[in-house]
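Below are two complexes that have chain A in common, paired first with chain B and then with chain C.
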Partner chain A sequence: MILSRESRQGLTLISPPFLYAILMLAAPMVMVVTFSFWTQNYLDLDRTPTFANYREAWTGEIFRVLMLRSLMISFFVTTVTVLLAFPIAYFLSFHVKRQKALWLFLITIPFWTSYLLRIFLWKVILGYNGVLNSALMGLGLIDEPLDFILYNVPAVIITLAHAWAPFAILPIFVALERIDRSLLEAAEDLGDGPVRRFLRVTLPLAMPGVLASTLIVFIPTVGDFVTPRLVGGPDGVMIANLIQVYFSKANNAPLATALAVSSMLIVASISLVIFLIGRKIGGRTQ
Partner chain B sequence: MNIGRFFSRNWLTGYAVVYMLVLYLPVVLLPLFAFNASTIIAFPLTGFTFEWFGVLFETNALHSAVQNSLVIAVITSILSTLLGTLGARAMVRYRFPLKRGIVSLIMVPLILPEIIVGVSLLVLLMQIGISLSIWTVIAGHVLICVPFSVAILSSAFQGLDPSLEEASMDLGETRFGTFRRVIMPLILPGIISSLLITFTISLDEFIIAFFLTGTDVTLPVYIWGQMRFPTKLPSVMALGTILLVLSVFLLVLGEVFRRRSASRQGQDASATGGLM
Partner chain C sequence: MTQNAIIEIEGVSKAFGAVTALNGVDATIREGEFFSLLGPSGCGKTTLLRLIAGFDEPTDGTVVIAGQSMAGIPANKRPTNMVFQSYAIFPHLSVADNVGYGLKRKQMSREEINRAVTDALAMVDLAGYGNRAAHELSGGQRQRVALARALVMKPKVVLLDEPLSALDKKLREQMQVELRQLQQQIGITFILVTHDQEEALIMSDRIAVLFEGEIAQLDTPEVLYRRPVSKRVASFIGVMNFLPATITAKAKGALAVDIPSLGKVSLAAGHAPEGLDPASVSTIGVRPEMLTILFDDAEKAECETTGEVTATSYCGDMTYYSVLLPKADEAVTISMRNTAGRSIVPAGTKVRVGWGVESVVLFD
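This part shows the complex of A and B:
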C-alpha cells in the first residue's frame, strides 16, 4: 500500500505510543483470554484448552451473585452521580461567568488526594463514632449512634458516587458549553417557557455529555475492589474482590482470568446497550 | 418542585455550595485527624499534637516506600510525557489510516477498570517469567498515564498556529530545528503540566501497583498494609496530609503552566483544560 507523505509521518509519530499500548495492553489482554482456557492444579498449569473455568464461573452461585450485585451497585452509583452532577455542570456552564476554570479546578482538587485515604475517610464519616453520627447526635436528632450506615451496600454507593463526581461533571459541562446560546434564545422567542426550553433544547443537546458521563462512571466502578473492601462489609463484596482473591490467596489465576473476561464481556455489552440507547435518544431529538 | 425554579440562579448556587462542601468533606477530615492527639480515628477530637508526624520520620519502611514511589513517579512521568507528546502531535497534526482505532487503543486505559490492567499485565509477566520490581509498576503506570498526557498535550498542540512552522521551514530551519526552536517553546508549558499530572497520578495509584509491586512496595501499597493496624492510622493520616499538600502544590503548579500555555497561544484559558 502506498501511503502519502502525511500518512507516513503521522504513523511514524504515533507508532511509539501505539506499540506501547499493543505490548502492554493488547498483548496482556490476549494472554488473559488464553489463560482463562487453561487450568491450574496447585502449582501446575495445565495448558490444554478447556471451558472448565467458564463452566465453574457461570454455574457457581458466587459469580452470579457478586456480578449482579456489582452491576446493581454500579447502576445506582452511575444514576446518583450523573443526576447530582448535571445541575453542577449546568450551573458552571450557564451561571458562572468569569471563574469557570477556578470552579473546575476546585472540583478536581479533592480527587487528587490519596485514593485509599479518601475511601478510608468515608469510613470515618459513616462509622459508629463518625462525623455523621456525631453531627446527628449533636443536633439532637438521634440519641444513639446509628450502626446501619457503614459496612453495607449503601456505604459503597455513597463512597463511589463521591469518588467519581468530577468524572461525571466534566463531560456534561463540555457538552453544555458547546450548545449554541442562540438556539436557546430562538426557543424562547418561539414561545417556549424555561421548562420546555430546557427539556426540548438544552437536555437533548447535552445528551452526548450525559452519555459519556454515564459510561465513564459505570465501566470503572464495576471493577472497584478497594471501596467494597474498606466500607462494604460482608454484604458489600463485589466481583473484583472475588477476582483478587482467586489471584492471590486461592492461587487460581486461570479461574480469576475467566471471571475477569466474563465480567468484561458483560460490562462491555451493557455499555454498548447504554451507548445505543443514548445515541437513539440524542439522535431522535436533534 | 418545578424544574424551571430549580434551575434558576439562586437555587443552583445554593446547590453548588452544598455539593462542594460534601466534595471536600473527606479532605477536610484528613488534617483534622493528623493533628488529633487520640490514637482512635473518631470524634470527639481530644487535643493537638505533632506526634504522628514525628512517627513518620522514624519509620524506615515508610522511607523506602516513599523512595520507591518517587523513583517510579519520576520515570513514569518522563516516559508517559514522551509517548504522550508523540501521540498528541500525530493526533492533532496528521491524518493517517486507522487513526481512530489507533488513538482509541492508546486512550482506552482511561476507562478500563484498573484491576483489568493490573491483572492482565501480571498474567503476561508471569508467563514471560519477568519478576516483579519497580519496573513492572512503571510499565503499568505509563500505560494509564499516557492517555492523560495525550489529552493535555493535544490541547497544547491544537493551539499551535501551523503557519509558524511553515514560516520557520521557509526560513530554512530543518524539521528538527523547527521543533526545537519554534514548537517546543510554545508547548513547553503543556509538557510541564503533563509531567506534573502524570507524576501525581503515579504517586497515588494503588490498584495496579498492588498487583505489580514486588518486594519494593510503593507508598499507596505501604499505606494499604498499614490500614490493617489501628494504631498506625494516625500516622497514616499525617502521611496523607503531607501527600495532600504536595499534590495540591503540584497541581496548582501544573494549572499555572497550563494557563500560561493557553495564554501564550492566545487561547481562552478558561476552557476545560487538559482534563477533557
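This part shows the complex of A and C:
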C-alpha cells in the first residue's frame, strides 16, 4: 500500500499515542471481559467459558441494590453539580468583564490538593467534632453534635458534588461563551423580558454544555469508590466498593469483572440515552 | 410621505466612561421615511441606533417615539424592531419559529401566527422556507429572515444596523433596491445605519451624516451631494475637488468670488451654506462630473479655463483625468463619460476645461 507523504506523516504522529491507548485501555478491557467468562476455583482459574458469573451477578440482590444506589447517588450528584455549576458559569460568562482567565484559574484551585486530601477535609468539616458541628454548637443552635451528617449517602453526594464542580463549570462556560450576544438582544428586541429570554434562547443554546457536564460528572461518579469508602459509612457503599471486595478479600476476580462489565454496560446505555436526548434537543444548533 | 414626526431625538448624548460617543444630537425622523445614519466607523451612528432601540440609555437628552418619551422603557417594550448586523438568527429554531418568535408573546392564536409568518416570509421572497433550519440559509437568506422577523411585529420603526455589509457586491446592490421598494410599499419608517455613502444615497429619503458623535449635516441625498455644508461632508460623500478662493465683494444679493484657478465669478447670496460667513470663505469645491474637458473646439461651456492632463485612469464607462489647473498646487479630478467616438487624451495634453457657476460650493 502506497501512502501519500501526508498520510504517512499523520500515521507517524498518531502511532505512539494509539499504541499507548491500546496497551493501557483496550488490553485491560479485553482482559476484564475475558476474565468475566472464567471461574475462580480457590487458587486457580477455570478457563472454560461460562455465563455463571453474570447469572450470579444479575440474580444476586446485592448487585441490584448497590447498582441502583450508585446510580441514584450519581444522579443526585450530577443534578446538584450541574445546577450549582450553571450559575457560576453564567456569572463568569456574562458578568465578568475583565480577568476571566483569573476567575477560571480560581476555579481550578481545588485541584491543587489531592482528591484524597479533599475527602479527608470533608470528614473534618462534617465529622462528629467537625467544623460544622462545632460551629452550630458555638452558635447555640444545637446542644450536642449531629451524628447524621457524616457516613451516609448525603455525605457522599456533598463530597462528590464539590469534587466534580470544576468539570461541570467549564463545559457550560464554554457553551455560554459561544452564544452570540446579539441573539440575546434580538430576543429582547422581539419582546422578551430577561426570564423568557433566558428560557427561550440562553438555556437552549447552553444545552450542549449542560449535557457535556452531565455526562462528565455522571459517568465517573457511578464508579467512584474512594469517596463512599471514606465518608459513606455502611449505607453509602457503592458498586465499585463491591467490585473491589470481590477482587481483593473475596479473591473472586471473575465475579468482580462480571460486575464491572455489567455496571459498565448500564452506565454506557444510560449515557447513550442522555447523549441521544441531547442530540435531539441541541441538534439544530450545530 | 407624511410629515409627522415618528421619532424625536432631543439633545441626546452618550458617554461610555471617558469616551463620548454622541454629543448633543438633535434630529426628527418623519413617519414613513427611509432615514439613514451615515458616517465613518466610530462616529456614533450605531450608538444612536441602539439608543433608539433601547439597548442603551442616553447619558443626556431624550428619545421620543410616537409622542412617548422612551426614558426608562426597555427594548422589549418599545415599538421598534431591529435587523442586526450579524442578523442574529436563532440557530436552534427553524425559519418559521425565528420569524414567529416575537408573535408568541402577543395574544395570537396558532393559526394567526402561522398566517402572519407565511405572509412575512412571502414579503421577503422566502415563501416555503419556513421549515428550513437556520444553518441551511445563505447570507442573503438570513438577511431576509431577519427582516421578516422585524416586519412581522408591525413595528412603528424598523432599525437596520449595517444589514448589507456582510453580503457580496452584486447581492448588496440587489438588496438595496429591494429594501427600498419594500419600505415604500409597506410605508413603515426605516432607519438604516451605514458607512457606505453610496448605499445611503441610493436608499434614503434623508440622511444624517455623523462625525465624532455630532450630526454634521441632515438633508436629502441630493442636497447632501450638491450642497455639502463642510469640506468633511463633501469629501465623505463622493469625490470633491477643492480650490482656494476668496470673496472679493459682497453686494446686495450677490457674492463676487475670486477663484484663481477658474476665474472670477458672481454667485447669488443664497448660494452660500446657511450659517457660513461670506468673509470666512477660503475654499470652493466642485465635483469631478461638474468639470468638463472640452475636446472639440466647437464645444462651449458657461465658463472656461485651461489645464494640463497629468494622468488618466480608464474605468470602462468613465475615464478619470487628473488635470492641473493654472495657479493650482494639486491636480483636480475630472470624470468624463466614455461616449461613442470620444477619444482618451494622454497625459501631457493641454486641454480646455469647462465648468458652471451653479456647481461651485463654498467652504470656509
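Simple rule for what comes next: the second predicted complex is superposed on the first by the 278 of 286 C-alpha atoms of A that agree within 3 Å, B and C clash if a C-alpha of one lies under 4 Å from a C-alpha of the other, contacts with A are read in each partner's own complex, and residues count from 1 in each chain.
One rule holds in what follows: contacts are C-beta pairs under 8 Å (C-beta built on N, C-alpha and C of every residue); 3 or more make two chains touch, one makes a residue touch a chain.
Everything numeric here is computed off the predicted structure, so don't read it as measured data.
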First, second, both or neither for A:72, with chain B first and chain C second: neither
Partner chain(s) touched by A:182 [first = chain B, second = chain C, both, neither]: second
Contacts of A:205 with chain B and chain C, given as first, second, both or neither: second
Partner, of chain C and chain B, that touches more residues belonging to chain A: B
First, second, both or neither for A:192, with chain B first and chain C second: second
First, second, both or neither for A:142, with chain B first and chain C second: neither
Which of chain B and chain C A:91 touches, first, second, both or neither: first
Which superposed partner A:273 touches (first chain B, second chain C, both, neither): neither
Partner chain in contact with A:265 - chain B first, chain C second, else both or neither: neither
Residues on chain A lying within both footprints (that of chain B and that of chain C): 193
Of all residues in chain C, those that touch chain A in their complex: 53, 55, 74-77, 80-82, 84-86, 88, 90-94, 101-102, 105-106, 133-135, 149, 153
Residues on chain A engaged by chain C in the complex (per definition of touch): 180, 182-183, 185-193, 196, 200-201, 204-205, 282, 284-286
Residue ranges of chain A in contact with chain B within the complex: 3, 6-11, 13-14, 16-18, 20-22, 24-29, 31-32, 35, 84, 87-88, 90-92, 95, 98, 100-101, 104-110, 112-118, 120-122, 124-125, 127-131, 134, 162, 165, 170-171, 173-174, 177, 193-195, 198-199, 215-216, 219-220, 222-226, 230, 240, 243-244, 247, 253, 256-257, 260, 264
Chain A contact footprint on chain B (complex, rising order): 2-4, 6-7, 9, 12-13, 15-16, 19-20, 22-27, 29-30, 33, 40-44, 82-84, 86-87, 89-91, 93-97, 99, 102-103, 105-106, 108-109, 111-117, 119-124, 126-127, 139-140, 142-143, 146, 150, 200, 204-207, 211, 220, 223-224, 227, 236-237, 240, 243-244, 247-248, 251, 255, 259, 269-273, 275-276
